[in-house]
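Dropping a structure here in structure tokens format, bear with me for questions.
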């Protein structure tokens, strides 16, 4: 159908132009480098380390040295091993949680924006309610009831509370885009709603969706760390949040074991900060007006 | 305007309803007998107290009546202010325990939110028109918002408390003092309050500054700004209009961010062992004190809804478009 | 001459180089003259209109001058221009519908603007009300927010506001583009009335709608690819144009009363040249039906009559 081709080729043409500029934008490059670098460390690192990060492998409370790059904990565990495993854990929960939130937000937003009417009213109410609920407090209450907590369940409940702002924005955009000509044309050719949404409307929002996903990812990592810190993280896992929790519980502050609590928080700041900076760079790529300023 | 408020009140009503229902439903959805679980996990050595607790909870949960009646009982108890008895602070009623901790959290939360909002907005507006400032404010702002609340708290404890020794590192006030309306006590309170407040303030500040900067830039590029400048309006006037218009979304943002800063306050209190709701929550979790947890959640939800409502009122007063009912405002 | 523009050059800075939006524009405007400024999209007419009052972010004044009432307009200097804006030169923008701050009452907005120019709102108010009534607006609008007004009302309000301090030069930038036909007529007539009542001395009406501007303009200037192509009294342009481009443009207009049936409207084949690296010589050369070798050199502005100028080698014989 020639009618459907034009928007596609426009979008594809734009896509390669975007890619060109994205790879040359320092914010995007540096931001992604940091995020991917730490990701690789978290994914590959554990294969080079033996044993479980919670094993007692050495002298207690040792500062960083050539043997233990990040020193040891109060109990004599390898902080670096914990750090690397913690990275992996944070990325997994962050990624999964943000993905779940993304899917929910998209579904709610597109459906509300495309269908309108009662469906929209209902979904809007749902969005507003979840938005107003103080997420951490509710999650704390729910989590504390759960007997066994796994990475999946933590990601799911994070995802269940992070989606409202995405849904709102997607809904607003869908309202605008659904009145465009190519959507009418698609309707005339008998395409069904989900098809129209995926093939006509979504590509025109692609840049915004990508940026939202990045923000969700950062938010999920922060959220997971906070839950872990209070002790509501996955029961067995080591994560950046649990490292901070343990260091606080075992007086790392007073004993000046800074190598125990500084790296995990620093890593989170670096990852989340880089994600935000990447986002700013992507904004410049997608909005050429900003580029020329 | 009436329609606007009706919508908002409906949302808040539904939210409250859902929060109460969550509180009611969750323990009952878990397999097994909730009362038994609460008791077996609780280290109550004394068998008599255990029996008293058991019969009290049986009464409270009212498990001998049908579910819908339990639900109604739950609601009526709530409106009476009866949220059960705390295990952690047995035999104090939950409401009392929470009310004791509430002022500390409010003392942290309100100044931190409001001051960071004002300061952040001012910084953001300045950054929007000064290139030099923009190049520092922006990256620093992003850095601050990316910092996890509890990590900054840890750093501040370490730096300000342990290394420099200028500030106390735990508690709401010195253990040596007894609470009294004296000057020394007040100074001591503030002394303990400062670091946790600072921690919240700094992280929240970044977000406001960045948001405001983007909003002001957007307003400065709008049609009305262009028109003003084309008619020779001085910079000051253009900026004033842009600033005032940029504040509107920031007001709605205030209500939205409350949940986030609240979360931050909870973990910050944990770090500082500051006797507010966060610290209380931690204790409740560790003692498996579900009544206390639910009570804290209720207070938090009600507080958040009140705050949201106040923000909505302010918004209507400030934005003529909502007042005229011609736009739905931020719904 | 109220306005004399001499070899005006304005470029847009882009990443790929300078787009030469205005490349040597020279013309004059008498007191009381309403000049229609017409041409294809991208010919520079909007840039010309804008540069006479306020350059956009990316526009740069690279040469030439504009003199209004004997004093040069400091086009390149934004700060210095502020003193001349609103009082000497004013604009009715293309975006009149959204030109007023939505969160400020119209009366307060006016007061702020007047105060910025050292005028007292209280003193100006009677005249303001008189002019509002002239365009059919009640005094009550001063207490309204822009959102309470209809599109047409906002347009009229902006027209009154822009001319409140009796500027010497008014630029009307595509003021009728967004309106329906009856509103277009009303706005066009209002513009003429403003000139007749002395609110405005001279006017440049930027438009792409020749048939509309013909009704109200004294003279019409046609632009193409950043340069002036022809300027003459309105009737001359429409009935006896001399420049090949103008002729083609007029020829492309449908005539009232004639049935076109199976015939197509004659459009000009091809596209205007890119202004990033404009061609040397006459810019219309590629599309001109009577181009010859001489046209490889840039044609001078040939005065055909007292008030008629055209830039073409084939004219002036």
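Chains here go by letter, A, B and C, matching the order in which they are written, and residues are numbered from 1 within each.
Methods note: a contact is a pair of C-beta atoms (placed from the backbone, for glycine too) under 8 Å apart; a residue touches a chain by one contact, two chains touch by 3 or more.
Please read all numbers here as calculations on a predicted model, not as lab measurements.
Visitor: By mean C-alpha position, what chain is farthest away from chain C?
Guide: Relative to chain C, the chain with the farthest C-alpha centre is B.
Visitor: Would you say A-B or B-C is joined by more C-beta pairs in contact?
Guide: Between the two chain pairs, A-B has more contacting C-beta pairs.
Visitor: By Cα centroids, which chain is closest to the centre of the whole protein?
Guide: Of all chains shown, the one whose C-alpha centroid lies nearest the global centroid is A.
Visitor: Go ahead and note the Å separation of the Cα centroids belonging to chain A and chain C.
Guide: For chain A versus chain C, the centre distance works out to 51 Å.
Visitor: Please tell me the distance, in whole Å, between the geometric centres of chain B and chain C computed from their C-alpha atoms.
Guide: 56
Visitor: Determine the centre-to-centre distance between chain A and chain B, using the mean Cα coordinates as centres, and give it in whole Å.
Guide: Chain A and chain B have C-alpha centres separated by 23 Å.
Visitor: Which chain C residues reach two or more other chains?
Guide: none
Visitor: Any idea which chain B residues touch chain C in the complex?
Guide: Residue positions touching the partner: 222-224, 226-234, 237, 241, 244-245, 248, 319-321, 324, 326-327.
Visitor: Using the touch definition from the top, list the residues of chain A that touch chain B in their complex.
Guide: Residue positions touching the partner: 124-125, 128-129, 131-138, 140-142, 144-145, 147, 165, 218, 222-223, 225-226, 229-232, 244, 247-248, 253-254, 256, 258, 261-262, 264-266, 268-273, 275-277, 280.
Visitor: Provide the residue numbers of chain C that touch chain B in the complex, in ascending order.
Guide: 53-54, 81-87, 90-91, 93, 95, 98-105, 112-113, 116-117, 145, 147-148, 158, 161-162
Visitor: Of all residues in chain B, which touch chain A in the complex?
Guide: Result: residues 10-12, 14-15, 18-19, 22-23, 26-27, 30, 138-139, 142-143, 145-152, 154-155, 157-158, 161-163, 169, 256, 258-260, 262-264, 266-267, 270-271, 281-282, 284-286, 288, 290, 293-294, 296-297, 300-301, 304-305, 308, 331 of chain B touch chain A.
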